[in-house]
Every structure is written in C-alpha cells, then in structure tokens.
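Two complexes are shown next, each including subunit A; its partner changes from subunit B in the first to subunit C in the second.
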Partner chain A sequence: MSSRWWKINLAVFLLLVGGSLSSAAEPIKIGTFLSVTGPASFLGDPELKTLQMVIGNLNAKGGLLGRKIELIHYDTGGNAKEAVDFVKRLIKSDNVDIIVGGTTSGDTLAVIPDIEKEGIPLISLAGAVDIVEPVKKWVFKVAHSDRMAVAKIYDDLRKRGLTKVALITGDGGFDKSGREQLRKLAPEYGMVIVADEAYGNKDTDMTAQLTKIRATDAQAIINFGFGQAPAMVTKNIKQLGIKLPVYQSHGVASKTFIDLAGDAAEGVRLPAAALVVAEQLPDADLQKPVLLAYKKHYEAQYGPVSTFGGHAYDGVIMAIEAIKRADSVNKATVRDEIEKTKGFIGTAGVFNMTPEDHMGLTLDAFKIVEIRNGGWKIVE
Partner chain B sequence: MPEQLFQFLVTGITVGSLYALVGLGFALIYNASDVVNFAQGEFVMLGAMTAIGLLAAGWPLVLAAMAATLLTVLVGLLLERFAIEPAWGASVVATIIITIGAAIFLRGVALLLWGKDFHAMPPFSGDAPIHLGSATLLPQSLWVLGGAVVLVTLVHLFLNRTLVGKALLACSFNRAAAQLVGINVKVMLRLAYGLSAGLGAVAGILIAPITFSSYEAGIMLGLKGFSAAIVGGIGNPMGAVAGGLILGVLEALGAGLISSGYKDAIAFLFVLMVLFFEPTGLFGHKVAERV
Partner chain C sequence: MRLVGFYLFAAVAVLLPILFPDNYFVTVVGASAGLHVILAVGLNLLMGYAGQISLGHAAFFGMGAYTSAILTTRFAWPGLLAMAAGLLVAGVMAWLFARPILRLRGHYLAMATLGFGIIVHVIMVQAMHWTGGPDGLAGIPPLNLLGWTVEGDQQWYGVIIAAMLLTIWLSLNIVDSRMGRALRAVRGSEFAAQMMGIDTARAKTQVFVVSALFAAFAGSLFAHQQAFISPDSFNLMISVELVTMVVLGGMASTFGAACGAIALTLLHQGLVVFEDYEMLIHGGLLMVVMIFLPQGLFVGLSQGVRRVMNNSSIVLRYREIVSTKLSSSSR
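And now, the complex of A and B:
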C-alpha cells in the first residue's frame, strides 16, 4: 500500500514537473535585422512595426505550436558590415530558429555566406534578383525583384508604342541594380536606351542631367530610385517643361512621393504592388481580403501602410505557416516547408515556391499605376 | 549646345546660391572663435523643419518663418550656453568635436519630433517655371539668390560697420587682447552662435521648397556649405557666397558636359586643389599665421 502511494506520488510529481516544464518551454525565436535608421529607414521602419504587430497578435492568441514567439531585432542602419555581425550574433548567441529580414539588398547579400554556412532559413525582404539567383539552399525572398519592375515598365511602354527611352538613376544600390536590369532587358523588349544619366541620391537639382536628356530623341524617361531624389527628378522635369511620359520604379510607391513631388507627379506611371491600390481591385481578386485586412490592422496602430511593411508581413506569415506545417522548428524541415509554399496569398502577390524559384512571384504581382489627382489609379 | 550650356549655368547658380546661403552661417562662429561649427547644417534643418511644421499647423508663411528662426536662435544660444561655454578654454579641436556631438543630438531630437519622412514646403510664390531664353528656373531660386545677397550684405555690414561686429572680429584675432580692451568675450560668443543659428534657419526656410527637408537634411547641406565656405576662405562671408556659386556651377557643368556620375568628384577635386594651392581659400584673409 505504502509503496503504491509512493509510486502514485512520484507519478503526480513527475506529471507536475513535466507540465510546468512544457509550459515554460523556450519561445520560438524569430531573428531579424532591418535598416530601421539610416537612408533605408522608411523601408525598415514599417517592416519592424509589421513584425512586432503580427507577432504580438499571434502571442495574444496563444503563440505558435503552444509556444510563445520571441522577436529578436537588430538595427543595421543600412550598413552591410553591421548586418553581417548581427546575423552572426542572431545565429550563434541568440540561437534563433529562423531569420526574417534584410531590408536592403546590400544587407541581405552580405549575410548570405554565413546563412549558407550555418544552415538556417532566411526570408529576405529585399529586392535584388541576385539574392535568389542562382538559388541558394537556405535563402528565400518575398519582395518583388527589380527585374520584374523593369519588365513591367518595358511591357507598358511597348503597349504604348514607345521604344526610345532615357534612363536617369541615382547612386544607391537599389538604383544601380535597377539600371543594370534596365540595360539588360532593353533588347528583349525592343527598347533603345538613348540617354543614361546619373545623380547622387542627396542631390538637390537634376536639371543639368535632364537638359541633356531633353536634347536627345527619347520618347519616355525612366527614373529608378527611392527616397526624395525621384521626387526631385519629377519636379525638375516639370520645371524644364519636358512633356515626355515619366516612369518611376516601385521604390516610390508611397504617399510621400506624391506629397513631395506635388503637381509634377500627375501622370507619372510606375509598377506597384497591389497594396497601394487595394480598394480599387475587383472583389474577385484573391489578394483583396488579405490586403484590406493587413491595411486595416496596420493603419489602426501606425498610420498609412507601405508596400515595404507588406513584405515583412508576407515574410513572417510565410515563416509561421512553414513552422506550423513542419510542426517543429527543426531548421531543415522548416526550410523544406518554405520551399513547398504553394498558393500563399501575401500582400506582394500569390507565392508559389519551387526548388528552382525561391521567390515564387510572377509578373502579375505588379500593377502599372498612374498618379491622378494625387492618388493611384490602375491603368492596365 | 549653347542653349544647354545656358541651362547648366542657371542650374549651377541655383544650386550654388543654396550652398552659399548655408556656407554663410559658418562664417560668424568662425570669426568669433576660430571654431568650425559642424552643427550649422542642423540649424538649417531645424529652421526648415520647424517652419514646415508650423505651416502644416495652419500658420501663415511669414509668421511661421519668424517663429522658426527665433526658435532656432534659441537653440543656438542654448547650445552655446550648455555645450560650448562649459568647455571654456578647451582647444579648438575639442570644441569642434563638441559641435559634432551637438549635431548628432539635434538630428536625434528632430527624428523624434518629425519622424524619418521627407517633408515638402510649398514654394513662396508658386512653382510656374520662369523662362530665361531657353533656360528655366523656379521662382523659389530667385528667393534663394535674393536671400543670399541680402544676408551677405547684412553680415558684411555688421562685421565691418558696427562696433559689436568689430568686437566680434577682435575676439577671433586675439581673445586675450579683446578682453583687455573691455570686450566681453563670452557675450560675443553667445551672440555669434545665436546669429549663426538665425542665419542657418533663414537659409533653411528659403531653400526648403527646393530641397525638401528631413531630420538628416543637415548633413549634406552642412557638408556642401562647409565646402563653399572653405573654397571662398572661411570667415569671409563674401568668400562663402563666391565659393558656393563656383561649386554649384562646377557641379552643373561637370554633370552636363562631362559625366553626371563624376560631378561630385569634379567639385571636390576643385576643393582639394584650392586647399592645396591657396590654403586660406580663394578670398581668405592673407594674415600672418598666428601661433
């Protein structure tokens, strides 16, 4: 009898200990490194807010696989060297299970060697094609590529029967990568580049470059960049009285651009993610409910959404879904599950990952929009 | 080609007058204390951002500009009183480092107040371009040019025609001797910081409709303004204006005639050449070296 009591007591004790151990289980750790300050801060800032929002909500609903999620964040300030240090720290001392981040292409490209060596899944929020081409085993991305933006612009130009284009780009990584794609894809779309001008991203006047463009027989001007410089270019074009169609990149798909460029922005076309025109989408559009939900959620907490915050949303939800399907945080299993992502409706488009394609978006993910009366209008 | 050349010149003068206006602010503090105030760009940013904020709140332009200028003057005075004055007697280099620290601090405060976005300021008198033959310029550029002329004249008159201005210059030439003849050096220094901040703020408000503004705008403007000031001979307000115009025209011609990718390199190469062959600047005082 007494020995039986003893056994029951032991069993109860073990159950209690076991129970308390499992409820105090280590949280699932999602690491991130974003450019929350520095020149790319307007990308990194909404990204971080989105990650905090999504993870906060999920934790309030009980977390993931019965465990809480912990977000560990470092601000790279847009400095690729810092990004490398932070990613090493995330992997080696914070022991994160997965990394969502890399605001800029520069930051992401710099950390890829470490990611591949350590074998940890990375979902990047940056644009450059080089991140996933050639395919790297552990690296995925959810943002549109600059190549897609270029293809979309050229496609629209071709539809309008315009073939002679003048390029004007800044000196940042995004600008340079865009320029490279513009030059590379031109022959494929039958485009002839008649001018190729550059400016510094902190310059306050681009009329000299645009005067040169005016003297060519260009039929359209393409400006690839982000921040205040494209707004300056747009204003200068108007100042010089140049009447050519103007194309901007997806880098300026935010209200700030319209505010800065003012009247000069009227008629400017650009490829943009569906997020900026969510309300204008037909109700049958698969993305519409996702976009409106994210928008409502984000705007209730922080103010106007941007496509960049949307990338963070896509990245972290994709990671969470993969962990759910894997039913563990085993890095190899989670990686395999991310690669199997099919029909995932994000803010950037519908993702279908394959072992050959670690981005999974098609050209449909972009809409050509025109700025009319200070707002966006889908024109395709 | 000549039509293009004319537009390049107009562009150069527009950009140059902007640099000149910022460069002007460096002169006063340098004259009073031999210190290059690296927070000068932040004064420019503060003036612009405050004015933009007040305009957005519905203030009329003139009132917003005046309030923004006064506020920036106050910031300049506080900076002098609580950061520069406690380091009284420190070396020039130490004081310069303090101004760099102050610049970072002011940028941080602006970041907290106004966020990271760029802000636009509506132009004073519309944005219909003015045609000068084949070239165009914005009405705001005339405001900037005019502002530069008025401010440089005022600074010149102040330094050379008023007793207070001369006292300020005296502090720079020989602080001990200035004190001996009864000049209150501390008051002069405060005056210099207050006036410089005011000059910076006015510059910021005049150029904001062209350049936009953000918490970081002071870095680039400060750098270009500083380059303008050293090309022209730092401490000489006329020199700063000439230096700014030269830099602006060089940049525009470089971008237009050679390669837009190298325009900054061309301008900075010129700055280096000037420092190499004329270390005191093109219009600097050719004074005997003080030890």
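And now, the complex of A and C:
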C-alpha cells in the first residue's frame, strides 16, 4: 500500500517537474482577431495570410528568443460584439502575449476598453483616427488613417488650383468616417463643399446622385468608399459624360477596382500606399527593398498583394522587433518598446512612434497615384 | 413543485462560477448566454405561446441598448434611469406598432416585422449624430446599481444571471396566468379564442409589448457590459438567430427557449476552432436537430426521457410492486 503511495507521489512529482521544464520552451503567443469572412473579408483575408506567412517563415528560421511563435486567430465576421468576446478569449483563455489585429475600425474601437483594462499591447490594422486619438496607453496602429488620405487629396487639389468639390460617399463605417474628415479638413485647405451626396453600399446605380452633382459648379468629385460601390460611381460618371477630375480613397487601391471600373477608371486619382507602385519607386527609396521583398514572398504563395495585407505585415514585424528588443514577452516592457519604435521601415511608410503619437506615420506615407492604361502611375 | 425546474436551473447557474472561478467559458460566454436567454425567453412568449412570428426582435434589443448608451454617455444620466427610459421607449414603440402589425398573419406578419427591424437598423447606421453610425458608440460608463459599480466579467456574470433568472421566473408566471392561457388559446385558433370571450387583439398587443420589454432590458445590460455598441449587434442576422434559438430549444417552453439560447451560444464558441468549416458544421448540426427532434432540443429530449421512463422494465417492475403493495394494504 505504502509503496504504491510512493509511486503515485513520484509520478506526480515527475509530472510537475516535467511541466515546469516544458514551460520554459513554451511558444510565444501572438493573438489576432480579423474579419476573414463578412463584408470586410477582402481586408481580413490578406491580413490573415500575411500573418501566417510571416510567422511560418520565422518559425522555420528558429523562432524568436529561442522559442517558437504560435498564432492564435479568431474570425469576427466584422461583428464588434464577436470581436470583444474573442479578445477576452485571447487574453483570458489563450493567455496571448500580444495582440495584432482588428481589421475594421469598429472591431478595434470595441475592444479598446478591455485592452486598456487588462493591459496587453494591441497593434491595430484599422484606419480610424479615433483609435489613437486621444492616445491610449496600450493601443497602437499601423494603417494609414482616413484623415491622412483626405489631407493628401485636398493637397493635390490645391496644387491643381481646384477649390469647389462635390462629395459622394456610402453608408459603411469607412465611408462615414471619411466623409466626416472631408468635411472637417475642408476649411483648412480652403475647400468649399458644394455637394454632399450619399448612397447605399449595395446600390447598383448612382446616376441620380451624380446628376445632382452635375448641376452644381463643382470642380472635382471625391468618392470615399471601398468594394463595388466606388467602381460603380466611377462608371456612372463616365456614362453621364461628366468631365470633372475624380478622386477616390485609398480603399480602392487594388487591381480589382481597375478591373471593375474598366475604361472609366482612366485618369482617376487616389492616395495610395507605396506598395501598389513599388516597382516605380526610385532605387534610393528606403521602402523599396521592404516592399519588393514582401510582394515577392506573398505573391509566391497567395497571388496579388493588397495594401491591407501590408498593414498586417507591418504590425506583426513591429511586434516581433519590439519583443526582440525587450528580450522578453513582459507586456509592459514590450509596450514600451513598441512606443520606442523609430525609423521602422514598413510597407505603409516609415514609422516613428512617440508617447504622443501611436501611429507614427507622416503624410509622405501616401503617394498620389493616377490610373493610366489600366495601371498605377505616381503623379507627384 | 411548479418551479422545480427553475430552482435546478438557478442552482447550476450559481454553482458554475464557484466551481470554475474566472474561467472565460463561464464568465464571458456564460454572460453572453445569459443575455441570449433573456432575449429568447421573451421572444418565446410571442412566438411559442401566442404563435406570432417576429423577424425584427433585434430592433427592440437595439432600442434598449442605444437608449441606455446615448443617455448615459451624452447626457450623463444614471444607468438605472437610462435603463428605465430604454424600457419605456421599446415598450411604447412596441405598443404603437403592435395594433397595425399584429392584424397581419403568417408570412405577412413575418414581412412586416422584418421591415421594422431593417428600418430601425438603418436609423442606427444613418443617425450618426446620435448613434455614432456604423463605427458604433464607445465609452459607455459601467452600470451603477445603487452605489455598487458593476465591473469585471465575474460581477457581470452575476448581474446578468440574476436578470436572466428574473425573466425566466416572470415568463413562467405569465405562462401560468390568465394571460398565458389566453395566448395559448390565440395560438390554437384566434377565432375560437374570440368566441370564448378573449380580447385577442389586446392579448397579442400585451405579449408583443412584454416581449419587447424583455429585449430592451437585455439591450441595456448589453450596452453597459460591452461598454461599446454598434449597429451590427442588432441587424437582421441577430433577429434570425433569436428565432433559431427559440425553435432549436423548443417552442412554447420557457426552458426550451433558454436551452436553445445556451446551446447556440456554446455551439458558436465551440466551433470556432474548426475555422473554415465552422458554418458548415453549424448548419449541419441545426439540420440534424430539426430532422430528428422537430419539437426542439429541450422539448424533444425531455419527452424522450419521459417515454423511456414510462416503458423501461425497471420502472414497470417498480410500478407492479407498488400497485400490489397498495392493493394488499387496502385489503
């Protein structure tokens, strides 16, 4: 009887020792929550693929700090409530060390209270300025904000001497917050908004709104949105024979837009990340090697790159670099290191984080490009 | 005796966090399930007992949530007062819509409620100035209950479970009241119910309002618990999901609805590990349940258990012994 007790005790002891030994080589856990399905799936899908690609490559090279990296991901379907639940699950049940993600602004904004309460670094891939303004201790973002896109468009208009603009936007989150920025920044750039039309993102004809715009004395049309609708707007403009310059947002900086809009896309200008025009950049450009490398890797595995996958690339590399510098996964140290990111060359631009700026990009991160002969051309 | 099931249910709900303290699947998923139970139990009064379908129930859920959220964030109202306002808004809206809408039957009623749900959703998206638009409304303050601020998942679990038990208890009592009997009569045959002297229009209006109040109550709690709300928590898909919960658990059974709500919540959390196959398995399971247990999970299973109990040899033997003893003693 007593000898059996000993055996059991010994077994328990060995298990405990074994457990504590194996925990030393436990993987570093990076959590993510993306809209891989649902209306924002064309953003979330390349993001997830990029994360899997980067982490797979790094693990093949031996991992990070001598440990493997494990990616834990949940699909929110673009639903903010799901995002909140999954982030709680990442923090409490999966015990992740850092979170890279949040495809849409809504998803990210929804999880901020929990992130701040639990104290875990979050690098968001979404656009809205509200994510980092005012600055939140644990929240960073790597995607261009809508305000930058608007500033860039207005800047280009000013250079061309155009001041009267007509807005046409959809009813999605991206469209709405873009419209807000367009209205807010207009006085600063001396722009006068002479028309402000809206459509539903599932509409298939916007000629009614565009006819109204034609009746005004607008000198340019700005359409802020993503998906099918902007292509439809661009086509309708051509069909109605409106000859005004057309500006789109960075939301359409993908080959799909050119394919959908066809000839009508010729001459359309938009602010875009350098990724779409990587080959045209001068060789001296700091970003060029990074962009080409990401593009080559991604396209070898999955097909054409998108700037959104690029945001995931920036986010995860920034997280990995910070963990490397911190030489641990201590959440507070890693957070401090992310805040100290300086001169980090990503696909979106060159990042310089400060305690006051948790995005760290400047207007240079955007290039104004024009669609010519079914391709992109830098016009600056 | 009538409330045995209720006490059992309450005991399990209370014991869970004690057995598994600070466990994600108890506190967070449990709280979600609790809110779904409130919604499903409310909808079941309308669907299961009164036989009226609503494909726009998320609208009332949203009204409660947005009223609470807007009043507390923009006008600094205390949480409980805002919650009362949310109940009032949803109740009055339901009352106004009930009369014209509940004249319709079957598909037409489904269409009307569907339209209502979509209109409310569009308002949430478009009235940016009030609702924050598609990106949602953030910074909703925590709920303050007479000086006690509800914070953390564990405390929220407690509050939501208490609210859930309250609604289940209310529902059980409504079902056993004159109103409940009137509703069942309406479902059986509206014409016959009228002949029996039941004011059917009034009965239907009442149950529509009660069901909206349950939803708005859940909405207010949801807004404070999440501290952030956006229109996609109140869209058509959510309404459909609520109907699924009621049907899955078993219509015309309060515990059936509760069971369906819990089952769907857990199913969703359990299936995320299958990633791409999640929706496939989800749909498949629902089909299997509906084919083999058309009365719903809870109702079907409990009937099955009862049938087995009635027919199994042990039970029969026991009955025999009891009856012979009884007859011998009476002799």
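To be clear about the criterion, the second predicted complex is superposed on the first by the 357 of 380 C-alpha atoms of A that agree within 3 Å, B and C clash if a C-alpha of one lies under 4 Å from a C-alpha of the other, contacts with A are read in each partner's own complex, and residues count from 1 in each chain.
Everything that follows uses one rule, which is that a contact is a pair of C-beta atoms (placed from the backbone, for glycine too) under 8 Å apart; a residue touches a chain by one contact, two chains touch by 3 or more.
Predicted model only: the values in this text are computed from it and were never measured.
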Q | Partners on subunit A (subunit B, subunit C) - clash or fit | A | fit
Q. So, A:Ile120: does it touch subunit B (first), subunit C (second), both, or neither?
A. neither
**Q.** Partner chain in contact with A:Leu182 - subunit B first, subunit C second, else both or neither
**A.** neither
Q: Check the residue A:Ala110 against both partner chains and state whether it touches subunit B (first), subunit C (second), both, or neither.
A: second
Q: Classify the contacts of A:Ser41 with the two partner chains as first (subunit B alone), second (subunit C alone), both, or neither.
A: first
Q. For A:Val252, is the partner it touches subunit B (first), subunit C (second), both, or none of the two (neither)?
A. neither
Q.
Going by the contact rule set out at the top, does A:Met232 touch subunit B (first), subunit C (second), both, or neither?
A. first
Q. Between subunit B (first) and subunit C (second), which, if any, makes contact with A:Leu157: first, second, both or neither?
A. neither
Q) Rounded to the nearest angstrom, what is the minimum C-alpha distance from subunit B to subunit C in the superposition? A) 6
Q) Intersection of subunit A residues contacting subunit B with those contacting subunit C? A) 171
**Q.** Contact set on subunit C toward subunit A in their complex
**A.** 22-25, 28-29, 32, 125-126, 128, 133-136, 138, 153, 226-230, 232-233, 269, 272, 275, 278
Q: Spell out the residues on subunit B that touch subunit A in their complex, using ranges where they run on.
A: 4, 7-8, 10-12, 14-15, 18, 111, 116-118, 120, 127, 129, 136-138, 207, 210-212, 214, 220, 251-253, 255-256, 259-261, 263-264
**Q.** Residues of subunit A defined as touching subunit B within the complex
**A.** 37, 41-42, 45, 171, 197-200, 202, 204-205, 207-209, 211-212, 215, 227-228, 231-232, 235, 238-241, 256, 259-260, 262-263
Q. Where on subunit A is subunit C touching in the complex?
A. 74-75, 78-81, 84-86, 88-89, 92-93, 105-106, 109-110, 112-113, 128, 130, 171-173, 176-177, 180
